[in-house]
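Next come two complexes, and both contain chain A; in the first it sits with chain B, in the second with chain C.
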Partner chain A sequence: MDFKVQAMTDLFPILFKAVGMTLKLSFSSALAALVLAVAIALIRHFKIKFLYGITGIYISFFRGTPLLVQLFLLYYGLPQVFPVFINITAFGAAVLGLSLHFSAYMAETIRGALASVDKGQTEAGLSVGMTNLQVMKRIVIPQAIRVAVPSLVNTSIDMLKSSSLAFTLGLAEIMAKTQLEAASSYRFLESYLTVSIFYWVMVAVLERVQRYLEKRLGRAYEQRSRDVKSRGIIQRFWRDKGIKGYKLPA
Partner chain B sequence: MSIIGPSGSGKSTFLRCLNYLEEPTRGRVTIGDTVVDTSSVHRKEVVKFRRKSSMIFQSYNLFKNKTALENIAEALIVVRKIDGKQAVERAGKIMKKIGLEGKEDSYPTQLSGGQQQRVGIGRAMALETDVILFDEPTSALDPELVGEVLELIKSLAEEGRSMIIVTHEMKFAREVSDRVVFMEDGIILAEGTPEEILVSPKNKRIEAFLGKIS
Partner chain C sequence: MKKIKVLLLGILLGALFIGCGKEETKKDNIRIGTSGGYFPFTYTEKDELKGFDIDVWREIGRRLDKEVEFKTAKFSGLFGMLDTGKIDTISNQITITDKRKEKYSFSDPYVYSGAQLFVPVGNPENIQTIEDLAGKKVAVQVGTNYEEVIRKAAEEVDFEIINYDSGNMIKDVEMGRADTFMMDKVSIIELIKKNNLQIELAGKPVEYIENAFPFAGNSENKELIDEINGAMEEMRRDGTLEAISNKYFGMDITSR
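Up next, the complex of A and B:
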């Protein structure tokens, strides 16, 4: 078998140097996408006229066409017709493409999360004299965030991996470097395996972040203390009845 | 004051109009010296008017992302603009009053229905509004938890607070109310003292209603 571990270890330092670009690209895009998504979600949640229709088309388009096509449209297509785009850098185009594309998904996630908050919460807020804005800020949005987090992290993971498509715009991120190395060394398996490890490790970090966020945001919803107590009571009940080995479903 | 009547008769809707959670189609609503004319009301006026009353919901509707204490202190800080420390102090006193000392840091999901509703009442009490509105405060509770909530409402009545209660607890209505209103099909059929309405009703419809539920 012709598998050279050294091909992998040789690639490591090269990718280490390029991983900054991947991170910068993903992070900027995720941030921009999130901001965009919140704005779109609020427009759709409150059904703000005129903008509601536009955001509908926006979401439909950016979810309905491949990211790669969108990147090519932005970087290679638009400059031909609109001079403003001539000076767009590969990085700028990649961030723009990624954030436009994924903001469409995130917007739908956030809209769903906002809708998931019980109407009674809003009513309670209004009944104590809060304004609509205060209710949103202090009651509805904090509760919606908790619902949205798993799905938002999911989309962010997808985004991080999709940043690899930026190599098609000539951006020197880890996928581009891998391509280059693989083409010159003919060590395809080793090279793509190495870059896989890089992505996997970064995603693993995001998974940790997700777990942390879920735990933090879920504090208000833990039933631990009450649960444990009532379990004891029920178990004692069965024991007193002489039924042994009864186990509560987890 | 208690509002009774068969379900679907508009009791809750009427109560929600007083708090402007439901927009009345026409008419005027007066609480204390504040009048709102539904035909010419501005959004800002609505917010101001709402602050004249507070509401207790059938399904408690405590802020799920806030602790019991925060639920009570929230509006004091955000709406009444009371300094945080003072608000917490006041909320602490109310926690004691509703008999939930030691549960300050519990979140709504960690409290029983009765405890949650007591916090709901505490949240309304803290605002010291002209009138407190109760929308079937015990209807969602397990039977054994109804007592503690009614007890608390009763103690508020004894303090002389103005309250309007939509309820199906006839015995309770008789004990605590000065006036009882009977509603059916969106209109007030009768109004009077608890004796007049609940003990010796002159109206046949009320008689039939009371007969059915007792």
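Up next, the complex of A and C:
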């Protein structure tokens, strides 16, 4: 079989240098998207007049058109019509495009999470004299965040991988470097396997973050730690067999 | 509630200003857009940009005493960058076509080549001319002049066009997913040699092409284009251009 491990190890240092760009793009965009999404979700949750309509169009447009098209419009299209946009940098356009695009998805996720909190909670809060903002902060959001986390992490993972489109704007992140080297070395399988490893490692980190967040946020919902199910498999096995040494505390 | 609304509106407006930084443009440097994915004209090896086009520009830069800055981007993004002034010109074997001449000012040609059809080794479908394409699957890269040639040919002969953005049409023809592809003659010959590809030429070049550097058609560029033409003329006369050509192709692709 014609497979050279050398081709993979040759690509490693090149990708290591470009990983910074991928991470910078993804991280900045994810942060910006989250902030935007919270703003939009709150607007839509409270049905604030006028803004409700605008955000509706916003969400529909940014979910309804491909990310690549949006990047092209921002970086190449807008400057043609409004010369003021010529000064936007490639990185700026990429972060802007990614943020706007994914904020639309995140906004819907957050709105759904807010809606999932029983209305009775809000009513109870309001009935004891809290303002809308206090209800949100103290009662609704803490319950809603837990619901929103898996989906938001999903979107972040998507953003990490979508950063590869930035090469159309000239940003050399890991996917671009992979394609360029593969085009000249002609080692496609090796090159794409290598970049897959990079993406997978980054996503695995995100998954870790997700697990941590869910654990922290779910503390109030955890069963008592003395519950048998939280014991190890081996201990349960011996306990079921009635062996004394592996006694579980009451 | 009112305060929140103002805050939210502020966040939305703030989003518009992300990334509004100024891009530096010095008069003493020429920004060249290139794809880095077109062996051996422009390619990367161990993360270093190399190639015929790169060498030619480094030489031009030396003669004009200007700094040459390369910006790589996917081919589909290069013309966009040129239109919005992110780069001064494109060095990616851009062929002079009538449609492009309407929009851009070209320098003098630096490469003379041919639009060539390529087929898997052995030419199983026996393709020699455009007419032989009838009923076949023809691969072509989007946005290239070869795409224009193929589309024009499709008006006369009935065949299926398969568009490629950056995906590997060469490999697809090798594998048999497409019957043939059209690209420039000289670079593919080099690629075949370098990677021992299982493809060969099919017939004679369909069209002869001249490649040059496109510039936005404004008056500032006219001076720049004249200077570049002058430098290239010098390079022709003292044989430097031919030497660069021989380095990559073992022949002179810079004259008719």
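In this text, the second predicted complex is superposed on the first by the 223 of 250 C-alpha atoms of A that agree within 3 Å, B and C clash if a C-alpha of one lies under 4 Å from a C-alpha of the other, contacts with A are read in each partner's own complex, and residues count from 1 in each chain.
By our rule, a residue touches a chain if its C-beta (ideal position, glycine included) is under 8 Å from a C-beta of that chain, and two chains touch if they have at least 3 such contacts.
Just so it is clear, the structure is predicted and the values come from calculations on it, not from any experiment.
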Report clash or fit for the pair chain B and chain C bound to chain A in the combined superposed model.
-> fit
Answer with first, second, both or neither: which of chain B and chain C does A:Q134 touch in the superposed model?
-> first
Tell me which partner A:I59 touches in the superposition: chain B (first), chain C (second), both or neither.
-> neither
Partner chain in contact with A:K17 - chain B first, chain C second, else both or neither = second
Which of the two partners, first being chain B and second being chain C, lies in contact with A:P142: first, second, both, or neither?
-> first
Considering only touches as defined above, state whether A:R219 meets chain B (first), chain C (second), both or neither.
-> first
Would you sort A:Y186 into first (chain B), second (chain C), both or neither based on which partner it touches?
-> second
When both complexes are superposed, which of chain B and chain C contacts more residues belonging to chain A?
-> C
Chain B versus chain C as contact partner of A:E123, first or second or both or neither | first
Smallest inter-chain Cα gap (chain B/chain C, superposed on A) in whole Å equals 11
Dual-contact residues of chain A (chain B, chain C) none
Residues of chain A touching chain C in the complex = 10, 13-14, 17, 32, 35-36, 39-40, 42-43, 46, 48, 51, 72, 75-76, 79-80, 86-93, 95-96, 99-100, 132-133, 167-170, 172, 176-177, 179-181, 183-186, 188
Listed in rising order, the residues of chain A that touch chain B in the complex are 118, 120-121, 123-131, 134, 138-139, 142-143, 146, 219-223, 225-226
Residues on chain B engaged by chain A in the complex (per definition of touch) = 19-21, 47, 50-51, 53-55, 57, 59, 61-67, 74-75, 78-80, 107-110, 123-124, 127
Given the complex with chain A, which residues does chain C contribute to the contact?
-> 1, 4-5, 7-9, 11-12, 15, 18-23, 33, 36-37, 39, 43-47, 71-74, 76-77, 80-81, 83-86, 166, 168, 171, 194-195, 197
